[in-house]
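Quick heads-up: structures coming right below.
Below, chain A partners chain B and then partners chain C, in two separate complexes.
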Partner chain A sequence: MEELINVVDWSRAQFALTAIYHWLFVPLTLGLGIIVAVMETIYLKTKSEKWLATTKFWMTIFGVNFAIGVATGIILEFEFGTNWSNYSWFVGDIFGAPLAVEGILAFFMESTFIAVMFFGWKKVSPKFHLAATWLTAIGASLSALWILVANAWMQYPTGCEFNPATMRNEMTSFAAVALSPMAMSKFFHTVLSAWTLGGAFVCGVCGWMLLKKRNYDHCQRSLKIGAWVGVIGIVLTMITGDTSAITVAKYQPMKLAAMEGLYKGDHGQSIVAFGILNPGKQPFDDKDPYLFDISIPYGLSFLATHDYKAFVPGIEDIINGVSYDNEGNPVNTVSYAERMERGRQLQEMLSQYGSAMNNGSAVAQDSLKAAINADFKNFGYGYLDKPEEAVPNVALTFYTFHFMVTVGGYLLAFLLLALLFAYKPKIVDNAKWKKWWYILAIITVPLTYLCSASGWIVAEVGRQPWTIQDLMPNKVAISDLSAGYVQVTFWIFAVVFTALLIADIGIICKQISKKSQTDLDTVND
Partner chain B sequence: MQNYWWLIMSVLGALLVFLLMVQGGQSMLIHYTKPDKRALLINSMGRKWELTYTTLVTFGGAFFASFPLFYSTSFGGAYWLWMLILFSFVIQAISYEYRSKPGNIYGSRFYDTLLLINGIVGPVLLGVAVATMFFGAEFTVTKSNILNVQGSSISQWGPKHGIEAIFCWRNLLFGVMVFFLARTLASLYFINNIDDEEVNASQRHLLLVNAGVFVPLFVAVVVVILTSAGVGYDDSGNAQWVAYKYLHNFLSMWWALVILLIGVVMVLFGIGKTLMKGDYKQGIWPAGIGTVLVVMTLFWVVGYNNTAYLPSLLDVQSSLTLRNSSSSEFTLTVMSVVSILVPFVLAYIAYCWYKMDRRKLTSDELNNTDHKY
Partner chain C sequence: MSDNRENNQGFWSRVFHLYYDGFRSMTVGKTLWLIIGIKLFIFFVIIKMIFFPNFLSSKCDTDQEKSEYVRHQLIDR
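Let's look at the complex of A and B:
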């Protein structure tokens, strides 16, 4: 059993490591791709050499970043098979489809047109080149769409039915999978947050160049586009974040409770604006969940349901199966203990189904299949040893959520100011504090990355212990491997990706530094 | 529908093998010491590497979608084999972009070494992985294991987890053959794509050497395949070992044999004419198309005609077949709608390839561009 836990933990660590590294590069690809495409569009419209030079400057950085995003991405796809073998069979009928569509529709678009984008300046017409730049950016977003559809399905499995004869879930509606509310909110929230990051990145780089008194005009051109994309990104990220909260409250109430460190819910539930969790707090003890908190009355009820009086269940309520409607009447929910019992009954029925198949008893198979599917949403609970096992890491979920929201609020203010200053540059140019504004712009870049990573930590840690929400916990999803094997590959990944990250940062910094010393109002080749 | 999806997999697999010419080209860096000639080779391959990479990723994704039990069994089982393949492609992905950029702290030689590693390891091990489809692997499949609360995997593999597959001589023979095929195609591609006398002359010499190794290896692999036993299954799904199964399949599916022969002739024509006519540079096209045809037929004989495409050496009933390892009818049908777009995708790739390669790569072009590898 100890060995098993190690395999699960190392496999999770490996997936988390590769996903975190991958997500360091992807949002910049998504955000900068749009920015570069907009810049080239302006160049084609104005025929201004200055805009061409600016476009090429950002395109170089885009290229460096794109390569490492590709490198870290391949591992993620194949890891579903290498480390999560049971998972691959249990849901491959549904999960594999978006990955295949991603490959056929998005990856080929990106990989074909990025070559035209970088090497086609003198080989294709300007309009064809612009189309290639846009198609590269669109291809990247399409890629994000399909992988986020796949991820959303893990958080909210829908459009499928369990087939006991094949021991797996099978798709019944592709539209339900691709257009689920979870998929839509996840896609828009994630991609738009990448626009925010792209905008903040451009502002930060320009801040550094202005601090060094280099290429003023180029920076002003870049800031206009970067700030616009950033502002649009952050505003829409906030709107879609609101949609995400409602979706999470509806389909993953335990995650929402963990995000808020909420153990006992209430009507008109307040939301924690700032708080420090009590590290010793466990479900069902009498300790206060917070050492310190500043809360906004009714905030969580409104965030989760858009009804400030609504009941929001806490961790203990969810475990006990307690909830109430707006009139205060108890709502019939099922406790985790009962769900565990039902899950075990389902597993027993599945064993019986196997016997019925061997005996050739069609009637028994039909009735067992109907019974299994009627209650299948409890299937995964049969693997749990105790109800508390279904509670995610509250501290990590809570702090990353609050960090994300706080930095998100800051980014809105920063990017609005950046937009203002992009159109009224004299405000900054004549100000005594301009140096500090530039420094703030630089600091904002790593902050935005941390904000983006925090969002993913909330999404993924908050849904633990489930690989597939309510259907399959991590410990059942794994491959037949020893912990030592996964440990070795984990460290290889850690070393390789860290080395690549160092190289990536080194090259990007050098590119910015070197090119910023040339005249970025003219094209050199 | 399962047959249709195996056809799609065969197309993707065949295109992947053709595009491994990029890896073959990388393995040739060792033959070039002059920086300007190395730059020509690297920039020529650098404009195609993403197509190979994307095809590999799509091949994996399509396998996951259409035959998830293979994904679950082979990837989770032959862990080290697939991990080595993946590592070799990870180090490739950044090497082109980083090798000549200022600030690449490890130096150009480091990235060129990574390209060389990928150029050798990639084709050989992908060949080994494909060879397991013919010659089998040490695994069992017990789907009811998913009910085991201790987390037992439905696919159990031998303790060496893919290392044993690498050191099986038949698999290795297949892998080395793929490697020399990739080098042969790379030479044909360079001759077509690079306008440089010195590179042209050296590549014609390398073509002679590599094709000279590849052709006998290919014949040996074909003989081994045709004389090997495979796993067949009846209508009720019962599997058993059948002597000369792949030979029987070729004879039963005569059209596959015809296409195989056409493919072989095209490959030999591409190689032969390039070697014999000093001004002929189009050999990559007949050889490339021939490669695609040959690889597709190999996929067909390993999967069609009631054949297990991944035989189990431990329990023949665990062998993977198109029938027992595929996605549901519904999913395959949905995916088929998407697959209608494949010709459109191939068309725009071909169009872009044509537009980009109309003018051949020269040192002058590299000296007058700000984006090069």
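Let's look at the complex of A and C:
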């Protein structure tokens, strides 16, 4: 058992490492892709060589990041096949279909149009080139859509039926999988947050150039587009974050409770604006969950349901299966103890199904299949040893959620100011604090990356211990491997991805430094 | 003159020259292609082939065997 826990922990650590590294490259591709496309559109409208030079500068940075980041996501698919083989089989074609669409889109759309984007300046018409730039940016977002659809299915499995003969989930509705509320809110929230990151990145790079007193006009042009895309990105990220909260409250209430460190829920539940968790707190003890907190009355009820009086269940309520309607009447939910019992019955039925297959009893198979699917949403609970096992890491979920929200608020303020200063540059030019504003812009870049990674940590840690929500916990999804084997590959990835990141940052910084010393008001090639 | 020559070329020839001329005139791109080449070699040759075989395929030959293997895994854990 200890070996199994070790394998689960190391495999999770490995997946987290590779996913976070991969996500360092992706949002800049998504965000900068849109920014470059907007810049080229302005160039085509104005025919100004200055805008062409600015477009080409940012296109080079986009290209470096794209090239270093490309294929880093494929590692995650390797890990599914080796470390998570029970999951890979169990998930069937549901995971495969979106990933196949993503592969085709990524390969054909991005690789075709990115070539035109970089090599086609003198080979195709300006309008065709602009179309290629937009299609590269849109293609990257469509690639992200299918990856996020696959991820959303793990958070909210829908549009499928379990086949106990093949031990696979089979898709019954592609539309239900692709257009599930979880998939939609996840896609828009994630892609729009990448616009924010792209905008903050442009502001940060311009901040550095202005600090070095280089290419003032180029920076002013870039700042206008970067700040606009950033502001639109952060405002829409906040709006879609609100939608995400409602989706999580509905389909993953335990995650929402962990995000807020909420053990006992209430009607008109307040939300923690700032808090320090009590590290000794466990479900069902009498300890206060917070050492210190500043809360906003009714906030969580409103965030989760848009009704400030609504009941929001805490961790203990969810375990006990307790919830209430707006009139205070108990709502009939199922306790985790009962779900565990039902899950064990389903495992027994699965075993009986195997015997029925061996005996060739079609009638028994049909009735067992119907019974298994009728209660399949409790299947994974049968593997839990105790209800508390279904509680995620509250501290990590709580702090990363609050960090993400706090930095998100800061980014709104920063990008609005950046937009103001982009149109009224004299405010900064004549100010004594202009050096500090540029430094703040530079610091904002890593801060935005941390904010983005925090969002993923909330999404993934908050749904533990499930690989597939309610259906398959990690300890069942994992392959029968040794922990030592996974440790070796963990460290290989740590070295390879760190080297790639150093190369990415190194080449981008070198390009920025080198090009910023040339005149970026004229086209140099 | 060059434009006239390209206009007279067929579609596939123009596609070929887009990539050929593009690669030839790259500056920073050459370093990037070197990194991409090394990266793909490490990913697909070293990591995939040596460390990341398909676990189920290494245990079972047919889909039916894989189903049975996973059934036992899901019932016995």
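Rule of thumb we're sticking to: the second predicted complex is superposed on the first by the 522 of 525 C-alpha atoms of A that agree within 3 Å, B and C clash if a C-alpha of one lies under 4 Å from a C-alpha of the other, contacts with A are read in each partner's own complex, and residues count from 1 in each chain.
Please note the rule applied: contacts are C-beta pairs under 8 Å (C-beta built on N, C-alpha and C of every residue); 3 or more make two chains touch, one makes a residue touch a chain.
What you are looking at is a predicted structure, and each value in this text was computed from that prediction instead of being measured.
*Asks:* After lining both complexes up on chain A, report clash or fit for chain B versus chain C.
*Replies:* When both complexes are placed onto chain A, chain B and chain C end up clashing with one another.
*Asks:* By the touch definition at the top of the document, which applies to A:85: first (chain B), second (chain C), both, or neither?
*Replies:* Touch partners of A:85: chain B and chain C.
*Asks:* Considering only touches as defined above, state whether A:101 meets chain B (first), chain C (second), both or neither.
*Replies:* first
*Asks:* Answer with first, second, both or neither: which of chain B and chain C does A:363 touch in the superposed model?
*Replies:* neither
*Asks:* Given the touch rule stated above, what does A:170 touch, chain B (first), chain C (second), both, or neither?
*Replies:* A:170 contacts chain B only, not chain C.
*Asks:* Would you check which partner chain A:374 touches, where first means chain B only, second means chain C only, and both and neither mean what they say?
*Replies:* neither
*Asks:* Is A:492 contacted by the first partner chain B, the second partner chain C, both or neither?
*Replies:* The answer is both, since A:492 touches chain B and chain C.
*Asks:* More residues of chain A are touched by which chain, chain B or chain C?
*Replies:* B
*Asks:* Following superposition on the C-alpha atoms of chain A, which segment of chain B from the set 8-16, 170-178, 260-268 or 350-358 overlaps chain C?
*Replies:* After superposing on chain A, the stretch of chain B hitting chain C is 350-358.
*Asks:* Across the two complexes, what residues of chain A are contacted by chain B and by chain C?
*Replies:* The answer is residues 60, 63-64, 67-68, 70-71, 74-75, 78, 81-83, 85-86, 88-90, 115-116, 118-120, 123, 166-168, 347, 350-351, 354, 383, 475-476, 479-481, 489, 492, 496, 500, 503, 507, 511 of chain A.
*Asks:* Quick one: in the complex, what on chain A touches chain B?
*Replies:* 1, 4, 8, 56, 59-60, 63-64, 66-68, 70-75, 77-78, 80-86, 88-90, 92-97, 99-105, 107-116, 118-124, 128, 132, 163, 166-168, 170-172, 174, 347, 350-351, 354, 382-383, 475-476, 478-481, 485, 489, 492, 496, 499-500, 502-504, 506-511, 514, 524-525
*Asks:* If we count contacts the way the header does, which residues on chain B are in touch with chain A in the complex?
*Replies:* The touching residues are 47-48, 50-51, 53-54, 56-66, 68-69, 71-77, 79-80, 82-83, 86-87, 89-94, 96-98, 101-106, 143-147, 149-157, 161, 327-328, 330-331, 334-335, 338-339, 341-342, 345, 348-349, 352, 355-356, 358-359, 368-371.
*Asks:* Which residues of chain C touch chain A in their complex?
*Replies:* Residue positions touching the partner: 6, 14, 17-19, 21-23, 25, 28-29, 31-33, 35-36, 39-40, 42-43, 47-48, 51-56, 63, 66-68, 70-71, 73-75, 77.
*Asks:* Which residues of chain A touch chain C in their complex?
*Replies:* Per the stated touch rule, the residues are 60, 63-64, 67-68, 70-71, 74-75, 78-79, 81-83, 85-86, 88-90, 115-116, 118-120, 123, 165-168, 347, 350-351, 354, 383, 475-476, 479-481, 488-489, 492-493, 496, 500, 503, 507, 511.
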